[in-house]
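One chain, chain A, appears in both complexes that follow, with chain B as partner in the first and chain C in the second.
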Partner chain A sequence: MTFLNLDFWIGVGVIAGIYGIFVLGLQLNVGFTGIINLGQAGFMAIGAYAMGMLVVDAGWPMALAFPAAVGVAVGAGLLVGLPTLRLRADYFGIVTIAFSEIVRYVLQNASFAGGNQGVIGYDAEWRAFQSWVSPHLKPLGLDRATQAPLLIAVWAMLFLCVCGLKALQASPWGRALRAIREDEDAAAALGKNVFAFKLQSLGLAAALAAIAGFFLALNVTYLYPSEFDLSFTFFGYAALLLGGFASYAGAALGAVVLCALTEGLRFLDLPLSSGQVGSLRMILVGLMLVGLSLYRPEGLLGNRSEMQLRA
Partner chain B sequence: MTIEEGIGAGAQGRAPRPPIEIPAAAWLALTLVFVAVCLVVARGPVAVGQTTLNGLIAAGYFSLGAVGLTLVFGTLRIINFAHGDLLTLGAYLTFGLNAMGAPFWPAAAVAIALTALIALSLDYVIWAPLRRARTSTLQAMLAAIGLAMVIRFTVQFFAGSQVRGVGQDVLSSINIGPLHLGSLQALVLVVGVVASTLVGLGLAFTRLGKQIRALSDNMALAEVAGIDTARAIRVVWIVAGGLAALAGILFAAAVGSVNPNFGFFTLLSLFTAAVLGGIGNAYGALVGGLVIGLAQEWSTLFVNPRWKPVVGFAILIVVLLVLPRGIFGGSRERS
Partner chain C sequence: MKARTHPALLSVEAVVKRFGGVAALRSATFAVARGSITALIGPNGAGKTTMLDLISGYDRPSSGAIRFDGRRIDGLATHRIARKGVVRTFQLTRVFAAMSVRDNMLVGAQKHPGERLHQIAFGRAAVRHAEAEALERAERLLSAFALSDKGDHYAGALSGGQRKLLELARALMAAPRLVLLDEPMAGVNRALGRRLLDEVERLRREQGMTFLFIEHDMDVVMTRADQVVVMAEGAVVAAGPPSIIRRDPRVLDAYLGRKANAA
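The block that comes next holds the complex of A and B.
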């Protein structure tokens, strides 16, 4: 495969966009609210599976199943947050990890979710739409790239999410979140309901995870539990650190750079098996987390004055 | 915590008390016996005896793994997500040395020493600089997660991701009446019980053990009292790394086959044990390991064994919500 293979880079672009949406949720929680959500992959799994099962098992049209799935994920976020958001920041992180793993084990072992076979056959409507759109992309020279419509849809959604979150951030709601991040007690003393704000932040992050899960489902054509393991969340945190805390555009950029870097590994032509290249990719992500925490704790492009997270 | 706060907390007159208050331990023992009796009534003595035996085997590696996790948290305030992968590292170093021709148990001893050394050197490379930079909880957590990935996938890079056997006789077994026990598992049981007891006695009676407990209880106060904290921190890492490796080897031997992910996925059970015992409390972690081992195995009397991990995670969440300071109330006033 050559370096300038269009289909390959469109595929990378789709994945990068999905990670971008996913990481926006982490940014909202970690960068702007100061809650350490390590269960984002669990919310994504819930969103993706809810969509897939509503279409396949309940026969809903995708246009209806998608918002419903986002609603289910938000419900899960509120359910997880209600009892746990009063915990210490680090305990909350552990609880969300446990939640994420429970979701994965349940999807793997419960019969309703198809177990390890997963869920398949939810994307017929999208395929039809895609083949209808493709010829219209001829002026852009993208009519032969099958994934091009998905790329455009993902990036349009990413753009919308960034704009929406930026607008929220400039609102009184966003300012209250940052006040909570800087000093919970002071925010509470000023009459802000800290717990409610945190809960809303977690719910919104779960919604973003579900949106990312929707596009992931379209990209992979069938859902299976191991797609949603903790590594996905950790990869997201590496992107977040790379892009920098407390910046939505930075988070999206971090996701793009990290995906391009790790996917680009395959062009290095290393004398390694594909399994070893996969391991190497995760080692790099891990090294990045360690190195950035040590040397650029606010992230590569982060704003140091914004980021004084103490728990 | 700053030094001023530390002295303040000490000055409020929290008298040193025994690490485990007898009533709490007695209550726990009574509860476990009561649950066991109920289970016997519900499921019969043979099934309960077998699962109890399995639970005690699991308790060995959960307890030994959790001690290091809790000590590191107590002394350094790090939630070490990489601790589970030290279990993996210990087991795979043993496999590696074994494959190079060393007999299994001597290889295990060398692997334990190597893992302890690696844990210690990671303190110099990562944790000491983070402490100096007064890093926030979040960044320390992310560094730990990154380190966990580096260790796990380095093992996977060299060993492959497939499940591998321990290369020992896992078929021969001992029958004790109606109960059934693999001979390797019997060895694991004995080693686990002996090692846990030794750790408990060491913490209780040796000078170093007392220093580590003092440090884990209140770092600033321990420093003021003249304990060489730098040395104690080194000892904590050596103990944590060595016990983690031992726990990993015992896990591999008890289960018979593992893949490089096993340590990371055991981590949540270790957290549960540490939190159950009151995080920072080393005796508590030993007891917490026993509880989580028994609870997971007893759960198989009612649900399919494949749900065992979920039972562990559910216990973790419930304990954090209901008893965030552990069964013994914890040794510090942090909620």
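The block that comes next holds the complex of A and C.
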């Protein structure tokens, strides 16, 4: 495979964009609200499976199944948050890990979700749409790249999400969230319903996870439980740290850079098995994080002075 | 209209607070008159901050009642008590450090439509209007507290005294009816402290706002408060105007521990 393989880089771009959307939700929770959500992969699984099952089992058109699946994920977010968001931040984090694992185990074992066989056959409409769009991409020279329409869709969605979240962050709602992140007791003393704001933040993050899950489902063409492993969330946190705390553009950039770097490893012609390359990838991520905390602790687009003020 | 005729804005009735086996408050009773500046004094460990925590809803009394404007508020969540018009500041200031001074102020605005997601989506005009109004009030308050030129600075970069001023100004953004101040003068230089107290007196005079503050500086208490509540060992031992309190033997006891020495 050559370094300039277009299909390969389009594939990387799709994954990077999906990760970007996924990490935006983490940023909303961690960077802007101060709640440690470690269950993002669980929300993504719920969104992706809900979409897949609504199309395959219930026969819904994808255009309807997608927003419905986002709704299901938001519902799951509220359901998880209601009994747990009053917990201290670290306890809440542990509960969300448990949630994420419960989702995965249920999907693995429940017959309605196909078990380890997964869900397949939900993307016929998308592939029809893709083959209709492809010829129109000829002016861009992308008509032969099958994944090009998905790449465009993912990045358009990522762009929309970043813009929307930035607008929200600039609103009084976003300001109240930041106040809660800084000092939730003081925010409550000013009449802010801390619990309600946290719940909204978690619900929105779940929606972003579901959107990411939708595109992931289109990318892999079939859904299986181990895709939604906890490591997906942890990789997201690595992207978050790389991109920078409390910056949406940073979160998206961190996801893109991290994906490009780790995928790019394939071009080093290493005498290693694929399993070893996978491990090497994790070592690389670890080393990068160590370097980051030494030389640029605020991340690529983070704000150093804000970070120091919080310490 | 019953509330209007209620003489005290705040009344604390036989409030007890136990932490495990220790009683931080052993039946405390006192009232804060409408439009008064009331000082809450007493030696360390008397239960003053615990009292403020109970009034502002950070904790609930083990027994007893707290009424604001005639209605029970004990046991309500902090944010609900704040929305009724009871806002507090903290002994160790709690500004939102990584936010600008101006944003700190704006968080204090109440019933802001821009804090509701559906309003952000469908009520842009109302949000803009409320935001402009809040900004104007914030600027006015900042200038009253000599913080006008700090609006864009991070609150965490202010001096200790300026943080105290910001915390009070932020509390005032909520247009409270009762302000609870926990040692507003601690760590504030004299000039800033005077400014803070002058502002408190002006707000009482012009808006009829009521203040309850914990203070150790007796000069400040005697010259600025019109009512003094004295606490010792979890109970209220005396209450009245400063001129009377100054001569009350029970107050001297509380501070000098004469009873304890005699025993």
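General observations
Everything below uses one rule, namely that the second predicted complex is superposed on the first by the 290 of 311 C-alpha atoms of A that agree within 3 Å, B and C clash if a C-alpha of one lies under 4 Å from a C-alpha of the other, contacts with A are read in each partner's own complex, and residues count from 1 in each chain.
Please note the rule applied: contacts are C-beta pairs under 8 Å (C-beta built on N, C-alpha and C of every residue); 3 or more make two chains touch, one makes a residue touch a chain.
None of the values given here were measured: they were computed from a predicted structure.
When the two complexes are overlaid on their common chain A, residue A:V194 makes contact with chain C while staying clear of chain B.
More chain A residues lie in contact with B than with the other chain of the pair chain B and chain C.
Once chain A of one complex is fitted onto chain A of the other, the partner contacts of A:R178 are limited to chain C, with no touch recorded for chain B. When the two complexes are overlaid on their common chain A, residue A:V106 makes contact with chain B while staying clear of chain C.
Applying the stated contact rule after C-alpha superposition, one finds that A:L294 touches chain B and leaves chain C untouched. In the superposed model, A:I97 makes contact with chain B only, not with chain C.
By the document's definition of touching, of the two partners only chain B reaches A:G286; chain C does not.
Residues 309-310 of chain A are contacted both by chain B in one complex and by chain C in the other. Contacts from chain C toward chain A in the complex involve residues 56, 58, 77-79, 82-83, 87-88, 90, 94-99, 103-104, 106-110, 112, 114-117, 120, 127, 130-131, 134, 154, 156-157, 170-171, 173-174. Those residues of chain A that touch chain B in the complex are listed here as 30, 36, 83-84, 87-91, 93-95, 97-99, 101-102, 105-106, 109, 230-231, 234, 237-238, 241, 275-276, 279-280, 282-283, 285-294, 297, 308-311. Partner chain A is touched in their complex by these residues of chain B: 79, 126, 129-130, 133, 135-143, 145-150, 152-154, 156-157, 160-161, 264-265, 268, 271, 275, 304, 306-307, 309-310, 313-314, 316-317, 320-321, 324, 334-335. Residues 168, 171-173, 175-176, 178-179, 182-183, 185-194, 200, 305-307, 309-310 of chain A touch chain C in their complex.
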